[in-house]
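Structure in structure tokens, see below.
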Amino acid sequence: MTAAAAVRSNDSLRLRGRSFMAFVLAPALPITEWLAQFDKWCRNSPNFFAGKPIILDLAGVTLARPEIAELITLLAARGVRIMGLEGAQPDQISPPLPPLLQGGRELPAMTSDGGALRPKEPNSLLIETPIRSGQSIAFPAGDVIVLGSVSSGAEIVAGGSIHVYGALRGRAMAGSTGNTRARIFCSRNEAELVSIDGYYRTAEQMDAHLRGRPTQCRLQDRVLSIAALE
Amino acid sequence: MAKVLVVTSGKGGVGKTTSTAALGAALAQAGQKVAVIDFDVGLRNLDLVMGAERRVVFDLINVVQGVARLSQALIRDKRLETLWLLPASQTRDKDALTEAGIASIIREMRGKFDWIICDSPAGIERGATLAMRFADAAVIVTNPEVSSVRDSDRIIGLLDSKTEKAEKGERIDKHILITRFDPNRATRGEMLRIEDVLEILSTPLLGVIPESEEVLRASNIGSPVTLNNAASAPARAYFDAASRLRGEDIPVTIYSERKRFLEKLFGRAA
Amino acid sequence: MSILNLFRRRGTAPVARERLQILLSYERSTRGQSDLLGILREEILAALGKHIQVDQDNIVMRMDRGATLSTLEIEILIPHAGIMLAAS
């Protein structure tokens, strides 16, 4: 039995533009200290970076090409995959380094409409079921509201505020896109970690009297404050 | 038309296989036609708990690969004529279990049984996700212990996203079956209370199976606990759970072992 | 015989030990070997096929492994219409 030869139609190659959201890591000198801090962060939030696209912003450091490559290798060993670079000179960047990206914008997300860019309307994501261990909700466009509990081992990353009408037992990271006015509210604080605009606190660092109670987290002068809600 | 039930947990060693056998035998004793399927690959256990280990000829993977027909692989229980077992393969690798193969087997079985109970392996890999893939309902076996509860929660998340029903936007009925419950340790505050487990998992309770030596005895003999000693505390709890699966509304009783006759006679302290 | 013996249930561990001995000796001996039953069935089908047409569905194989003796039961359903006269 002979197989018929496959006939391929002659379609042209399609190349399109699309925008994605990625997290940006901005190292600072000295690199060894920055890496130590990074490792500390990772101990509290293991697997946070797994599978996430990360951009490395080199604007705050002056690194030679081999040093950039070295840093990327060190991060890869920690499970961080760098998919692009920002803030570096074009002549520093060539394969096998990740491509140089330009024109990155702070979110909230912009939508493109016939070429003109307009800011999106303020947005919120409402979830009416509990969030289970292992689930991860990312909503950079605005607030996340959960009607239910957030289990230990679950995480919520919001560009705006996070409101949990239930027990917060997982990780809540608000203001992820640089919004220092974002807050975190929950009916019952049993959180593993809370963070606003990258300033974080883990369960161990929280006052015992705040555990199990309705609480509010906010950022004041770059200090994360957690207080009971009355 | 059958109801496909997955017995799962995430955590290993909490009582999935024991519960599959016990519930299967309880339903069969109520006159239902029941098939239990072992989804573990490489570590076969359900046949041992059911006492059929000496009669395994063909297994699930043989059927998936077309080496044997379903009717040739199904083993009928010697004690309950409406209870059948489809054993797991002991020697093949996980990739031999395909979704299409399982789909076809379940389809063929739906017309022949009232209940198809899928005994899931531990973990969240292939065997576990395939066991839940075609389920209409799920029993999540949980010990009142922190890592078991956390793993059960993870599994519930998967049930709501990785099953065919969930992908179609339909609800899959989920129930928590608490096993190895020790009422003394719970009252002393050394064991998570049932209310705590249910509150954390936000899922209704199917039943509470007390810790008991009867489970070990039954597995030693190779008989489901609901068949080996139907009057024992865990068996009674399993019978109640099986009735609840069939829609009966029975209030949950925490059964405890009755004092052994001899101890009563001779006044030995419990 | 003391009254205690009447009430004491036989420990189940000896039963478990016996079952495991039978089962594991079988599994150890077949480990690494290819599927004996599958091979047997193919060869039996092939042998039958020379004289009779038999569908795979009509062959049922049942097994019961014992400590010293195992029983393999093969049931073949032969429809009368399937018998071909062999060439003499």
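As written, the chain order gives the labels A, B and C, with residue 1 at the start of each chain.
By definition in this document, a residue touches a chain if its C-beta (ideal position, glycine included) is under 8 Å from a C-beta of that chain, and two chains touch if they have at least 3 such contacts.
Fair warning: this is a prediction, and the values are worked out from it, not measured in the lab.
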Task = Point out which chain occupies the most central position, where each centre is the mean of Cα atoms.
result = B
Pair joined by the larger number of C-beta contacts - A-B, B-C = B-C
Note = Between chain A and chain C, the Cα-mean centres are separated in Å by 59
Distance between the centres, which are taken as Cα means, of chain B and chain A, whole angstrom = 39
Request  = Averaged over CA atoms, how far is the centre of chain B from the centre of chain C? Could you give it in whole Å?
outcome  = 27
Note = Among all residues of chain C, those touching at least two other chains are none
Task = Over in the complex, which chain A residues touch chain B? Could you list them?
result = 129-130, 132-135, 148-149, 151-154, 167, 169
Request  = Would you mind writing out the residues of chain C in touch with chain B in their complex?
outcome  = 4, 7, 12-13, 15-16, 19, 22-23, 26-27, 31, 35, 37-38, 56-57, 59-66
Inquiry  = Help me check something: in the complex, which residues belonging to chain B touch chain C?
reply    = 48, 51, 53-58, 62, 67-69, 71-72, 90-91, 216-217, 219-222, 261-262
Query = In the complex of these two chains, what residues of chain B are touching chain A?
reply = 150-151, 153-154, 156-158, 160, 200, 202
